[in-house]
Amino acid sequence: MSAKPASFRPTMPETIAGVALLLVAVAPIVFDVGNYALGLLVSSLVLAGLGLSWALLGNLGGMVSFGHAAFFGVGAYASALVSARLGLPVVVAVPLGGLVASLSAITMLPTLRLSGPYFALAILAYAQIFRILATEAASITGGAGGLQRYPSLPTILGLDLSSRTGSYLLVLSVVAVFAGVYVAIRRSHVGIALRAIAESEVATRVVGVDSLRLKAWMLLLSAFMAGVFGALNAHVIGFLEPDYAFGGSWSMMPIIAAVFGGYRTVLGPICGAVAIYLFDQLVAKSLIPVGHEILLGVVLAVMVLIAPNGIAGFVGGLLDRPKGGRPHVAT
Amino acid sequence: MFELVLQAVFSGVLVGSVYALVALGLAVAFGAMRIINLAHGELVLLAAYMAYVVEGRFGLNPWAAIPLALVVVVSLSWVIFKAVDRIREHRELNSLILTFAVGIVLTNAILLIFASDVRSTSSPTLQDAISIGDLFAMKGEIVAFCVSLVLMGALWWWLKKSWYGRAVRAVSSNREAAGLMGIDPARIETTAFLIAGALAAFAGVALYTMSVVQPAVGHTFTVKAFIVTVLAGVGSIPGVFLGALLLGVTEALTVTLASSALQELAGMVLFLLVLFFLPNGLFGARARRG
Amino acid sequence: MVRRILVSAALGLALGAVGATAGHAQSATKIVIGAHMPLTGSLARSGHAFDEGMRVALEACNAAQPRHRFEVEEIDDESTPAKAVSAVEKLAASGAAAIIGGYGSNIVGPASDASDKLGKTYVTAGAVSDELTARGLKTFFRINNNAGYQRGIAGLITDLKPTAVSIVASTKEAPTLLAEGLEKELSAKGIKVTVHKFDPAITDFKPIVNKIKVQDKPDIIMMSAYENDYVGIVRAAKVLKPDVKLIVGAWSLATPKMSQEFPDLMTNVVGTSFLPFPVEVKSPEGLRFAESYKAMYGKEIEYLSSLAFVETMVLCEAMVRSADAGTLDKGGLPAEMRKTDRPSILGRIQFDATGDNPNFALSMGQHRDGKIVLVSPKGAATGPLVYPGLPW
């Protein structure tokens, strides 16, 4: 495992990659692909953000969650309610939604002591609980009937964020910002410590790293990110109801996206989400109109078996091979 | 009120016995391999649909579907086992994701083949009421309860007395040591997984006879089975049965004493409480913390 | 699937041949109607039924006049709002003249909002929430609403003059709405109402039914829920045998499908319905619908496909009028929709200023010996109600 120097100046290849990404990102606007395609991209970017938050937790926190819908839904409802009932502007409500999602993660702190599958399903239990609470607290959340009358994204500096172009640029920027945060953490001392923990918790505790504290911070951060994207999505869609906001696919898709793209990298979950979502919408649906999720399941299964580090890992492995192979981490 | 509570407990026990059947398979696989098969609920569901095919197509009693269900589900279990076995890195995490993916594939396969209609037995005998004193149940539920009890007993006996069973316990306790003793861990793990599949087959048929199934339900049953496994703790078969009964009774009592809208909430809260405060589950023999 | 395509192709050819010979030389203008339906996901069953009814209506509409040929461009919204909104945008962009909406108020809401922003008329038969008609949209139209279900069910119940009624309601949106409305209406008439809300995941209803049996002691049990719940509730009731006189449900209950799949559970159970079974529609349009549907899909018409049939017919006719008057491209469709006043198998169809159909009220049908008899309201009844009448 290579620990990169904690330097924040980008290297030449990284700068080129960055510029290339920027070009790819604005291409849909430049080439005017149309509202429908932009809408698809917005949805895929929401998933990308969610996938990023999931991968962050898995990678830096060493915890796999099967219930990220919990944070997504809490962020969505918090932002919608705060902007509708308290009249807060949406620019404030969205980060506030993320904050409330983090707060909800505080109730999950006891789960940090649990090992792999127990943690994963404990978060799922929380997602279910939140969903039921949202349904029951009908006077606040509108219950099963849902919430519709809350503000959509505003117009800022002349750009209407509720338009397809506007929302695309907005969500894209937020994904970029969070990706940057993720990279920064990874390269920092905190990031190195966390990756060490992921390899051997016992050793790090001996050295004096407070692993539980760091894991907690990662949980809160992951929750915040997921909550922000939940909030963004809520304002883009314009309707919320418990089964939608806390729906199982918000827990499932980020996993597929991140594993497919390669959850050990930052770009992996993002590109994986866009690829998987577009594949699902454009290809899978036309092949198998009913039950096309089966193809996603197959993709996920195949990836785990052949390329557990995702496409990014696979490609990385190919690139590394001439130099004598990648060091393999033994189980 | 008292008769309400009594009937609720009775109903809860009957429902719990089917939860036990579903959970037993998951527990056996987990005990032997430390692998949670997230596709377990879908295997159960598949068996339920086999019962539907047998009843609907051939007009037989759903329980006659057991041979078919066993063949289908056990073969699939074997395939899943082989796939999981191929994972080299980060076995715990990757097997979770792999079985999760298999679950998605199975749910959608069932949707594709059988459509999304709700299915349940239409056999009049199984739906007939039977009363024990002032307590009522469906005949199908009593049959399922008996099957669950018998299978649990058989499984417990097998693990305790038979050589194979003791080998499974040895492997789950200490894989390397068992290997040194002349036990082939790989074969034992395969056996455990196949037994889990067989249990899933029985569970699915039982489910069809007393409850309603549709493709989306597979996931729910995986979660319930996991909750029961946590309640029980690792290493105790009677614990799984009792944990399942506890879940069933908790759900029924929540409905009776509080509100039926909160039934699922009660199960989840119970799950979290046991996770946090009872690290060994209620009857388990091994610590479960990270 | 293949059979469906073949049969509808054959039917289409036949109808087309008839149409062609009728208006030979004239080439019809092509008008595309966009539709988004849940063909996959949790609402897939409803989506498919809607899709079928819609297609039969389109065939009928095309056969009825030679000047305009209607085609549908359909997109699967996967039972989610996001994809419904995308679907609407895509359909509008590819030139659909109007949109037929899918199922579920949470999906129809955002989709019709998007449609309104794009200036397209939106018709639905699958969204009953009161919120939808409170938005002031001029392009939104629907033929059924929660009030209508309530009217039908409350009408039947109050006629029977029970002392107490117990309602078992799923916490999902439509059942909750119906239950709350019924509670208000029936309580106002002096009937004691107890509502039991349940989580949709519940499969064992014995504790709830036992509560009803021991504590509520009602004359009538009303089920505001879905098919899988009905099966569980009636089963539990058959086991516990509470001392009630009738079991009433809402949608998707009084259907041939339910009586075929669960014959022992359905006897004397009442549900909302438009049509008796065997189908005894009196109107010629209804008969034609029933026959075409049977020919195309090999099954009987039922509630959901009838809803879609009527909404599509109504839309189509308004579009014909608008196209003939040359106003279709100029936003004249909403006005033509508001001029609608026609009978249908669902009753009289009109649209008020909010786009709602004020006449919508359901009949109630009772299962008897594998048949469904309409028992309420009196004007639509095809037979008397068996009361007391229970599945045991």
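All chains are identified by letter, namely A, B and C, in their written order; residue positions are counted from 1 within each chain.
Simple rule for what comes next: a residue touches a chain if its C-beta (ideal position, glycine included) is under 8 Å from a C-beta of that chain, and two chains touch if they have at least 3 such contacts.
These numbers were taken from a predicted model, which means no experiment stands behind them.
> What pattern do the touching chains form: line, ring, star, complete or other?
complete
> Weigh A-C against A-B on C-beta contact pairs and write down the one with more.
A-B
> Centre to centre, using CA atoms, which chain is the farthest one from subunit A?
C
> Using mean C-alpha positions as chain centres, tell me how far subunit B is from subunit C in Å, no decimals.
Comparing mean C-alpha positions, subunit C is 38 Å from subunit B.
> Hey, how far is the Cα centre of subunit A from the one of subunit C, in Å?
38
> Go ahead and note the Å separation of the Cα centroids belonging to subunit A and subunit B.
Comparing mean C-alpha positions, subunit B is 32 Å from subunit A.
> Of all residues in subunit B, which are in touch with two or more distinct other chains?
261-262, 264-265
> Note the residues in subunit C that touch 2 or more other chains, in rising order.
Counting only residues that touch two or more other chains, subunit C contributes 44, 171, 199.
> Can you list the subunit A residues in contact with two or more other chains?
132, 135-136, 290-292
> In the complex of these two chains, what residues of subunit B are touching subunit A?
Against subunit A, the touching part of subunit B is residues 36, 83, 86-94, 96-98, 100-105, 107-109, 111-112, 219, 223, 226-227, 230, 261-262, 264-265, 268-269, 271-272, 275-276, 288-290.
> Where on subunit C does subunit A make contact in their complex?
Against subunit A, the touching part of subunit C is residues 39-40, 44, 76, 78, 80-83, 85-86, 89-90, 93, 105-106, 109-110, 113, 129, 131, 171-173, 176-177, 199.
> Of all residues in subunit A, which touch subunit B in the complex?
Within the complex, subunit A contacts subunit B at residues 58, 64, 66, 110-122, 124-126, 128-129, 132-133, 135-136, 201, 248, 252, 255-256, 259, 288, 290-294, 296-298, 300-301, 304-305, 308, 328-329, 331.
> Residues of subunit C touching subunit B in their complex?
Those in contact with subunit B are residues 42, 44-45, 171, 196-199, 201-204, 206-208, 210-211, 214-215, 227-228, 231-232, 235, 238-241, 261-265.
> Within their complex, state which residues of subunit B touch subunit C.
It comes out as residues 3-4, 7-8, 11-12, 14-15, 115-118, 120, 122, 124, 127, 129, 136-138, 211-212, 214, 216, 220, 252-253, 255-256, 259-265.
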